[in-house]
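What follows is chain A paired twice: with chain B in the first complex and chain C in the second.
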Partner chain A sequence: MSQILLSILTFGCLFSVLTLSLNLQYARGGMINFGIVAYFAAGAYAYAIFTQEPPKGLDQYLFGFGAPWWVGFLAAAVASMLFAIITGWPTLRLRGEYLALTTFAFAEMLHSVLLNERRIGNGSVGLSNIERPEIGWMGIPEGYVYAGAAIILMLGTALVFRRLLASPYGRAVDAVRDDETAAQAIGKDVARLRFQVFVISAVPIGLAGALYAMITTLVSPDLFTAEVTFFVWMALVLGGERTILGVVLGTLALVGFQEIVRAIPYESVRTAQLAKSVEVMLTGVIFILVLRWQPFEALGRRSKKA
Partner chain B sequence: MSGDLLVIDRVIKRFGGLKAVGGDAGLSFSVPRGAFLGLIGPNGAGKSTTFNLISGVLKPDSGSVTLDGHNLSLAGAAKIASYGLGRTFQTPRAFPSLTVLENVTVGCDNRGETIASVALGRWRSAERELREKAREVLDRVGLSDRVDDSVGNLSGGELRMLEVARQLVRDPRILLLDEPTAGVDPTLQTKLSKILVDLHAEGCTLVVVEHNLHFLMQIADSIVVLQNGELLSQGSPQAIKSDEKVIAAYLGSEHAT
Partner chain C sequence: MTLFAQYVTTGIVTGCFLILATIGFSLTRRVEGFLNIAHAELLSVSAFTTWGLNAGAGWPLLPAALVGIIVTAVVGLLIGRIVYDPIRGHGPAVLLITSVGAAYVIHGAMDAIIGTGIRTLDIPLATTYKFHGVRITDYQMIVVGLAAVATLSLALFLTKTKIGLAIRAMSANPSLAASRGIDVKQTSRATWLLSSGLAGLAGVMLAMVATLSTDIAFNQILQILAVAILAGLGSLYSVIAAGLIVGIAMDVSVYWIPAGYRPLIAFAVVIIALLVRPEGLSGKKAR
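Up next, the complex of A and B:
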């Protein structure tokens, strides 16, 4: 049981980082990003490539730098940021649904490249030689250390975003989302502000990708499909935009539900398949109920504005 | 320094095939430094389009707009605002997710709006001054008791005054007001008229689009009349009131003096 709780906490906090970033982009920046998985993948692959050993024998990938974990994290942040710059620059002038489509297309492109290009990420097999750092620290089991790291990453992200948005900068970002024309009439550089928000929010996503790679010790294209993007969007809708607590609770609830369903022992493959269908249906039902009563958003509102 | 602050030179703007502003020769007029210019004309004359062309919301198809030597036809709206040009909109625009006070402080050109200053926490002291200034301006436009209110609770007239306040806090060198008295009650109109006269006395150049001619003729020192996107007449309020062409096109005979 504690194993489930630990993994809910770890992955819940880890995915909360993604939801928080999406919340910044969407609820505050007014940008619809349907390719959020790509920034997550960029971080995870960057971590893997920088920390894994150089290729030997039959390995088809070309790069491996054997760097320490913190270099991997730095590389992940930079990779995700670079991908945001490359994808954000040409697209951020687009409105609403057009931006949604182009970000989705960019994510699919990255996914195809990772799937087919063996020299970077070993193609569909992925990279599995990621070493975990020695963190059997002061007798604390590894699982707890990773949960702690996920919590710290989530809290750090929430704090940085809060600080940014509680400032005149956040006020300008809100103004741009509310009314671009009026914001320009008071000298706000709409393109610059939107671009900055997009790029800043990609950094924690990259770091979450690195932590994810570190925990799973494997990155492969099927871990980074559009399903991740929709998962994060679902968590955001569940938690309700605009409150940090709501966003985190929404993500924890969604991850919790999946982990619990996954942990049920099944006696046959058939029951497992059945359970999978029931899970999808139940997710839908819970989704409707939550949208009707918005409990997480209400809780979040009682605490503070994100 | 004297001379023209704003020069509109042979500007043409088309929407589809139709000429919205400029006719064949293009629209030309200039606004001297320190002027208080009224811009009038029948509905569809191109007054708001002219404002949009000056403030960068629209780009002219040909011709140029120059503000104190800066070529505005090449600059974006935000850049133009940073040259010291303020404007309000025909339909008042507010930022609904910000409070009344924030709707004004957001207008300030603010060094706190960079990531570096947020990271270093340098904006807090400047912010106190901004709030102080914003409160003063809100007091001036008669919204001092609505400071912490949500803009959703403001009436149409109050929204208009809020928009004026947001521009005032920027200390514009030239302010374009698009129908500032529409939906504003007589008491506020008197207040607005005093604000504009004071602003003018302080050296701010004003261009005001207005259908309330009683309001405008009292305070403007010159009038430009547009019709079908072209300059119909230009002169002092007295001269305009007795101009046959203007009476025929816009004023109607009861305004003739």
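Up next, the complex of A and C:
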């Protein structure tokens, strides 16, 4: 039981980082990013590539720098940011659905490249045995340390975003979302603000990717499908956009739901498979119901705006 | 050169299938005003209903396919009425995200009923014909033929019948259409039936030319999106051109680069198209 709670906490906080960043892009920046998994994957792969040993034996990847873990983290942040710059530069002038589809397209392209290009990360096999720092730290079990790291990353992200958005800069961002023409009229560089928000919010996603690679010790294209994107969107919708607390609670609730369903033991493969299908169905139903009535959003708005 | 011609031919078949799969999607986009991600799941509803009746219950293909298409049209209508109608006022972004939820529900249901594994229809093996060294199977020819017939009859339906004209009026300007006395609800229902029925037809074709697993829908939605964006999320006729472009581009790319990159080609086309012409092939602003 405590094992389940621990993994809910770890992955809940980890994915909260993604939801927070999406919240910044969507609720504050007005940008629909349907390719959030790509920045997550960029971070995870960058971490893996920078920390792993140089290739040997059956490995087909070209680069492995054997760097310490903190270099991997830096690389993850930079990779995610670079990918945001590359994808944001040409696409951010698109609006609404078009932006959603283009970001989605970019994410699928990255997935396709990672799957087919063996020289990056062994193609569909992925990279395993990813470097983890030595953390026999003061006798605390590793699970707790990783949960702690996820919590710190989440709190850090939340604090930075909060600071950022409470500042005059944040009000400029809000102004752009609410009325672009008006913001432009008072001298705000709309395109630049949107681009900045897009790139800034990609950094924590990359860091979360690195931490994710560290915890699972595995990166493969299967882990970074559009399902992650949809999952984060669901968490955002569930938690009610715009409030930091709501976003985090929504993610924790969704992760908790999945972890608990997965923890139920099954007797046969067929029942396990059936349960998985039912889980997918239920997720969809919850999603539809939440979007229809948006109960948490009303709650969050009433208490306070973050 | 023959090999190249072969890829172009396969590309045309893929393109014809994509046209059928996308027309319903584009129709929904125009009339209902949002991108229905669950549209691709309807393809698999139809494909598996046909499969269940054909391979499971032993029906001949034709009645099985007809029932499959009708079932899909009704499922699509029900989803439209139950899921999308109540939230129509929330804007296209909410509807788009909701449709992801709907896709999950359908996908989960299909998985629960059908289970994993690869299925094929119980139909005779394809016969291959050769024209100047280019091979094409009879099923592929059926796909091309059906796509042509379906597109033509849809065009006739939309320009000659009363409901068709109402649908076009709705897609051009919903509030004006409503104020001119068009029954908005009825037209919306007709659109759901029509677009889902077209998804059903595309699903049957998919069942004929490909092997089936419950994951097929996801791969299809990527390509459908690609075609729809390229076409400009609107005009029906540009869907034809866009479907052929994406289909041929994907299959011809195999001539130069590994086949694993096929989906990437579809999206590369889309990204280039969006950057050069954000309004799509049709040249009309969709918003």
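As a convention for this text, the second predicted complex is superposed on the first by the 284 of 306 C-alpha atoms of A that agree within 3 Å, B and C clash if a C-alpha of one lies under 4 Å from a C-alpha of the other, contacts with A are read in each partner's own complex, and residues count from 1 in each chain.
The rule we apply is simple: contacts are C-beta pairs under 8 Å (C-beta built on N, C-alpha and C of every residue); 3 or more make two chains touch, one makes a residue touch a chain.
Note that the coordinates shown come from a computational prediction; the quantities given were computed from them, not determined experimentally.
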| item | value |
| --- | --- |
| Contacts of A:T102 with chain B and chain C, given as first, second, both or neither | second |
| Touching partner for A:I200 - first (chain B), second (chain C), both, neither | first |
| Broader residue contact with chain A after superposition on the shared chain, chain B or chain C | C |
| Which of chain B and chain C A:A172 touches, first, second, both or neither | first |
| Touched partner set for A:R270, first chain B, second chain C, both or neither | second |
| Touching both chain C and chain B, counted on chain A across the two superposed complexes | none |
| Contacting residues of chain B [partner chain A, same complex] | 55-57, 76-78, 81-82, 86-87, 89, 93-98, 102, 105-107, 109-110, 112-115, 117-118, 123, 127, 130, 163, 166-167, 170 |
| Chain C-facing residues of chain A, complex | 32, 90-91, 93-98, 100-102, 104-106, 108-109, 112-113, 115-116, 226, 230, 233-234, 237, 270, 273-274, 276-288, 291-292 |
| Residues of chain C defined as touching chain A within the complex | 34-35, 83, 86-87, 90, 92-94, 96-98, 100-109, 111-112, 115-116, 218, 222, 225-226, 229, 233, 258, 260-261, 263-264, 267-268, 270-271, 274-275, 278, 287 |
| Parts of chain A lying in touch with chain B, wherever the complex brings them together | 163-164, 167-169, 171-172, 174-175, 177-179, 181-190, 196, 200 |
